[in-house]
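Think of it as A, B, C, D and E in the order they're written, each chain with its own count starting at 1.
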Amino acid sequence: DNSTNDSEETENTESGSGDSEGTVPDTIVMGFVPSQDSDTIAETVEPLAERLSEELGVEVQGNVMTNYNALVEAMGSNQVHIGFIPAFGYVLANEQYDVEVILKSIRHGSGTYKAQYIVRADSGIESLADLEGKTWAYGDQGSTSGYLFPASQLMEEFGYNTAAELESDFFGGTLQTGGHDNSAIAVLEGDADVATTFDDVRTTLEEEYPTIMDDLVVLDYTDEIPNDTISVTKELDDELVQKIKDAFLSFNEDEEMIKIMNDVYNWDAIDEASDEEYQVVKDTYQKFKDNIEL
Amino acid sequence: MEKEFTLPPKPKNSTFKLIRNIVITVLVIALYVWTFTSIDIDWGRAIERAANNFQRVIPQLFSPDWSATGKVALSMLETVFIAFAGSLMAAILAVPLAFLAARNMMGGVIISTIGKWILSAVRAFPDIILAILFVVAVGPNAFAGVLAIAIGSTGMLGKMFAEILEGIDMNVVEAMEASGANKIQILFHGVLPQITPEFLSYAIYRFEVDIRASSILGIVGAGGIGTLIIFASNNRNWSEMGTILLAIILVVTVIDFASARIRRKIV
Amino acid sequence: MIQFKDVDLVYPNGTVGLKNVNLTINDGEFVVVVGLSGAGKSTLIRSINRLVTPTSGELLVDNEDILKYRGSDLRKLRTKTGMIFQNYNLVKRSSVIKNVLAGRLGHTGTLRSIFNAYKKEDVGLAYESLKRVNIAEKIYNRADELSGGQQQRVSIARVLTQQPKYILADEPVASLDPPTSHQVMTYLRKINKEDNLTTIVNLHFIDMAMEYADRIIGMRAGEVVFDGPVSEVTEKTFEEIYGRSIREDDLRGGADQS
Amino acid sequence: MIQFKDVDLVYPNGTVGLKNVNLTINDGEFVVVVGLSGAGKSTLIRSINRLVTPTSGELLVDNEDILKYRGSDLRKLRTKTGMIFQNYNLVKRSSVIKNVLAGRLGHTGTLRSIFNAYKKEDVGLAYESLKRVNIAEKIYNRADELSGGQQQRVSIARVLTQQPKYILADEPVASLDPPTSHQVMTYLRKINKEDNLTTIVNLHFIDMAMEYADRIIGMRAGEVVFDGPVSEVTEKTFEEIYGRSIREDDLRGGADQS
Amino acid sequence: MTNEKKTITNRDVPAIYPVKTKIQVSVIFFVVLAIYLTSMTWTQSQMAGGFTGALGNMFNVMVKFFPPNTAVIPAVWGPMVETIQMAIIATTVAAILTVPLALLAAENVTTNKPLYLITRTFLNILRTIPDLVLAVIFVGLFGIGLFPGILALIIFSLGILAKLISETIEAVDMNPMEAMRASGANVFQMIWYALIPQVLPQYVSLVLYVFEINIRASVVLGLVGAGGIGLILNQQLGFYNYPNAMMIIIIIFIVVIAIEYISTKIREALI
């Protein structure tokens, strides 16, 4: 029912001017929600904002937020113009406020990543089918790699219509852990049999659990999940959007910038992206949207 | 004194009271039985886990990551500013609400009940929703944090202020009434002098609490200490968590100390 | 002049506070009301400035029936009757001068008083009043830094600053020791004489009542059981007021059972 | 027998509480200590059960110097001296009987008392004591439901239950009205005579002191300025105790400035 | 008198406040104002948009939460119960642990100065740790689940409770204690007979107050895997099911109100 409101909603939002060309704000605000599906997480976007400001000749301000609802809503009300959002957050923002994706991150040479199923090495679990009746640990139901993609894959493979059925009929039990690291630890400690996490959560835990690489093995991977997006609000002036796009893409040629992006956000490069690439996430989201179990 | 004695029989509580007490006792016992039997905790495992993890977490926590000091200090300063502005705003907003909610101020149980309900409603609103609302209103920045903290604290401060108001010496109010002062004059000369020190002291106390109300600041992108906590936790960076903890303990202790002195002065 | 005409007062819970009270108190009198605890002394005094409202009868102050007063009429009445309380009822945390100035609130505009912008004369008057009760040097002390007797003197100064026509004092010395009590009573008496203020005082103490009063009113169970000049008071009068039965009964009972 | 020998007491802040006090109080006496506020009456009385500790001199109770007592010695001393306070010092939210039984705490083991497992005799004794002050019917009432006089009687019952050898009463009637005061004093006197308990009472009231005491001790500024039987008390003695200067000075000052 | 009044000269009219107070108050006022202005400019300096449309924007988001979806009530029940149970256990344990700590931290009971100071400091440090940090650390230590959540709540409420109760203890009427001391009672007997009855009503009402705080704190705990209603609230927000989230908020509100009502009743029965 949300989608029916969309057009009104966006018209209502104060956009500064009724110009069909879109607006050029005095200060461009970037909102950044780091994805939990990555092994290090950035705390600041300061260097990026400064560079962008130089390139665009407009003041750019960057803020890191810890909750993507806040970012989505901020983009909806035009308080944030450029959002660094994980795929799932982008899908919501696009559905609610017609936010458009312009760029995506490239990590480890790829524009996508995968989620992994991890089990204990000595568990005897060899295939996804062996998971029947076992306990499943995931971070939370809003996590693309931790929940949505693996659940969708299992539902298709074993013929369940809703996630609720999957959880109650296929699995013996589920454990919501709040984070990927916690899921992996839950399997390690024997509280659960399988965890679904980003690839590869084990590296974050190596320091605390030195033998984790051997103790836990990857059972399987999910389909490809699109990487984090750089998205802009609909109201932003097209020309400006193009300039932003060019500016970001130019960073690919800039050694120093790539290093910053890599150090802080694990990004190797930035690539163009279009809404279609996120169709797979949209489809998955649709599957869960109305029957997600409380 | 050796002689026989009989105590008079204990007075029977009225049957209503007796039944009430029995019902309450039974309910409380049932509540505990229900809680402890139905809650899903494997105590043994938890202890075992703690023993295993102790080495992993605690030593790191107590060997703070000094390289993060600059970053943490900056966030802390930011947080202090936000908390100051937010709790001052809350302290002001809470005053009219407290007068509304205090039983001895506006007359009428109805008004005070409504006032209390408003305060409860404000308090029941989760930080996360407040944060979203204020980000939408003013964008992701420290000021959204100020607003979120202001509203979040208003509920608690209003409740405490109302309790202080209910405890004032009404004789003084009567004395002023007897000298022909009107309501507003009584408010300024009879009521306010009695409550100001406590109000201030609670406001300062709330300032301390707000410095710890960190999660909300992470949500709004205010960059305060809350963001750092969440990131340190997501990255399982215990030594940085140690630094953060140390910073908070330090700052709050300093403020606690200062506020204790201020409070002693004003009360 | 204050006149009670067939005044009754029944509290909402049914307790009878005043029963058929008829009294006339003339200007400039110094009247002491005595009676046991619960006799209705406070009720009598508080009726006069309408802190409580009699349920029937007429109560005339300066020939106007005050029982119908509301709002600003009431405030005007209270401006002209000053009241002194057993527990002083000072704002403990405010300074002495602020407490004394509070007596002028009834004469001061709301806005003025909010900003503490009292008229110069008012502040002067407050200071004069403090001098009259000999406590001017404590002007900036907080009220709770003073001893009981000093606090009561401040509260007298507050009433003086109010420049009332009547002073009502509800057991003004009950919390004080005898020498201090005498001192406070002496001040009250002095003011009564100097400014010709009609003064009505509730007292527990028989000897003190005799020493200071022009006229004594004895109350018991809401009724006036004695009314006359001090010279008419006999040992028997007091027994009547205090109820012979209470003292003797109680004691005899106690002695029986031991 | 209680003997003060050259007792001095200086409070940590330098205030002199007692100055060179020499007194002997014999068993069974009913002594009233009078004096102005701050004269040191409370200090004198509280030295006897060591709620305050004199800084020099000797204080013998039953021929032992109590100034060196610590720990259990001290508790034993306190068990044998019962104390009655101006404000009754009851636990307001506990029942009368629990308050009275508290008098036996000194005679009861910690564990026993925590579980309210008083000995049967103790409970009987408490009940007897309540009967003696004629308030047995209030046994299960909460202390704060009683009037002042009744509360003071409960506190007397508490002391009786303690079965002390000495009773110290620090202004036991200062918060009570005159008839109730007389009643409480009568009970104290009765107990003094019946049980032959040495009783030392602080009083503000001159007339009451004269009415009940065997012997009067007058204090001023920490010193004993009068000590003798009631018959020796003259109007002048009292003026000496209360200090003529204070009253007159104060008043004259006040009158000057108006 | 009347003549004198007319001759009051300026010299006779004192100021309402002594000069020193005036200066002090002004200095404090301006310092606070200065910090406030600094804070405001500093925090607002990052604000790009300004206030235009702020209320409209908020309203637009707010309407998305309505109408609350009542269909989720049955599903919310489980986690809500869990939250209540967590709060019950945590509050009970904290209430028990508070007693010795509060006594040790009360200046009028603990006459041993070093002991008092140590307890005070310990409690002060305890109080400074944010609930979120506690939850994160305990999840790290004990793994996910209700247990670390409960522990976090215990420590968190202990800090508040012990401080407030020690303050209550410091404010009690010491006279009954003196009376018992005068009759030879020892320290435990004094506490048991004179202190506990006086502190009990305050104690109960503070415990209930902390219970209420604990219910609300569990919303935060859910964020880090420490169980309770916070988990599903975040999840519903994450899925953009705002009407569901609103229903959850309303249920939390009802529970808080109910607890407040019950605690008022209990307090009335006790006092």
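By definition in this document, a contact is a pair of C-beta atoms (placed from the backbone, for glycine too) under 8 Å apart; a residue touches a chain by one contact, two chains touch by 3 or more.
By chain, UniProt protein names: B, E = Phosphonate ABC transporter, permease protein PhnE; C, D = Phosphonate ABC transporter ATP-binding protein.
Given the structure is predicted, the values throughout are model-derived calculations rather than measurements.
Taking the definition of touch as given, a chain qualifies here only if it contacts chain C and chain E alike; those chains are B, D.
Counted as hops between touching chains, the shortest connection from chain D to chain E is 1. Using the mean of the Cα atoms as each chain's centre, the chain most removed from chain C is A.
By C-beta pair count, the most extensively touching chains are B-E. The centroid of the Cα atoms in chain B and the matching centroid in chain E are 3 Å apart. Centre-to-centre separation between chain B and chain D, using Cα means, comes to 46 Å. Centres computed as Cα averages put chain A at a distance of 80 Å from chain D. Chain B has its Cα centroid 35 Å from the Cα centroid of chain A.
Chain contacts: chain C has residues 98, 194 touching two or more partner chains.
Under the contact definition stated at the top, the residues of chain E that touch 2 or more other chains are 46, 48-49, 57, 60-61, 143, 223-224, 234, 237.
Residue positions of chain A touching 2 or more other chains: 29, 61, 63, 69, 73, 76-77, 79, 179, 189, 191. Interchain contacts (touch definition given at top) occur between A-B, A-E, B-C, B-D, B-E, C-D, C-E, D-E.
Residue ranges of chain D in contact with chain B, taken from their complex: 97, 121, 123-125, 127-128, 136-137, 139-140. Every residue of chain D that touches chain E in the complex is listed here, in rising order: 49, 51, 75-79, 81-83, 85, 87, 89-94, 98, 102-103, 105-108, 110, 113-114, 155, 158-159, 162, 168.
The touching residues of chain A, when paired with chain B in their complex, are 29, 31, 34, 36, 40-41, 43, 61, 63-67, 69-71, 73-74, 76-77, 79-80, 179, 181, 189, 191, 204-205, 207-209.
Taken in their complex, chain B has these residues touching chain C: 169, 171-172, 174-182, 184-186, 188-190, 193-194, 196-197.
Within the complex formed with chain C, the chain E residues making contact are 1, 4-5, 8, 10, 12-14, 16-18, 21.
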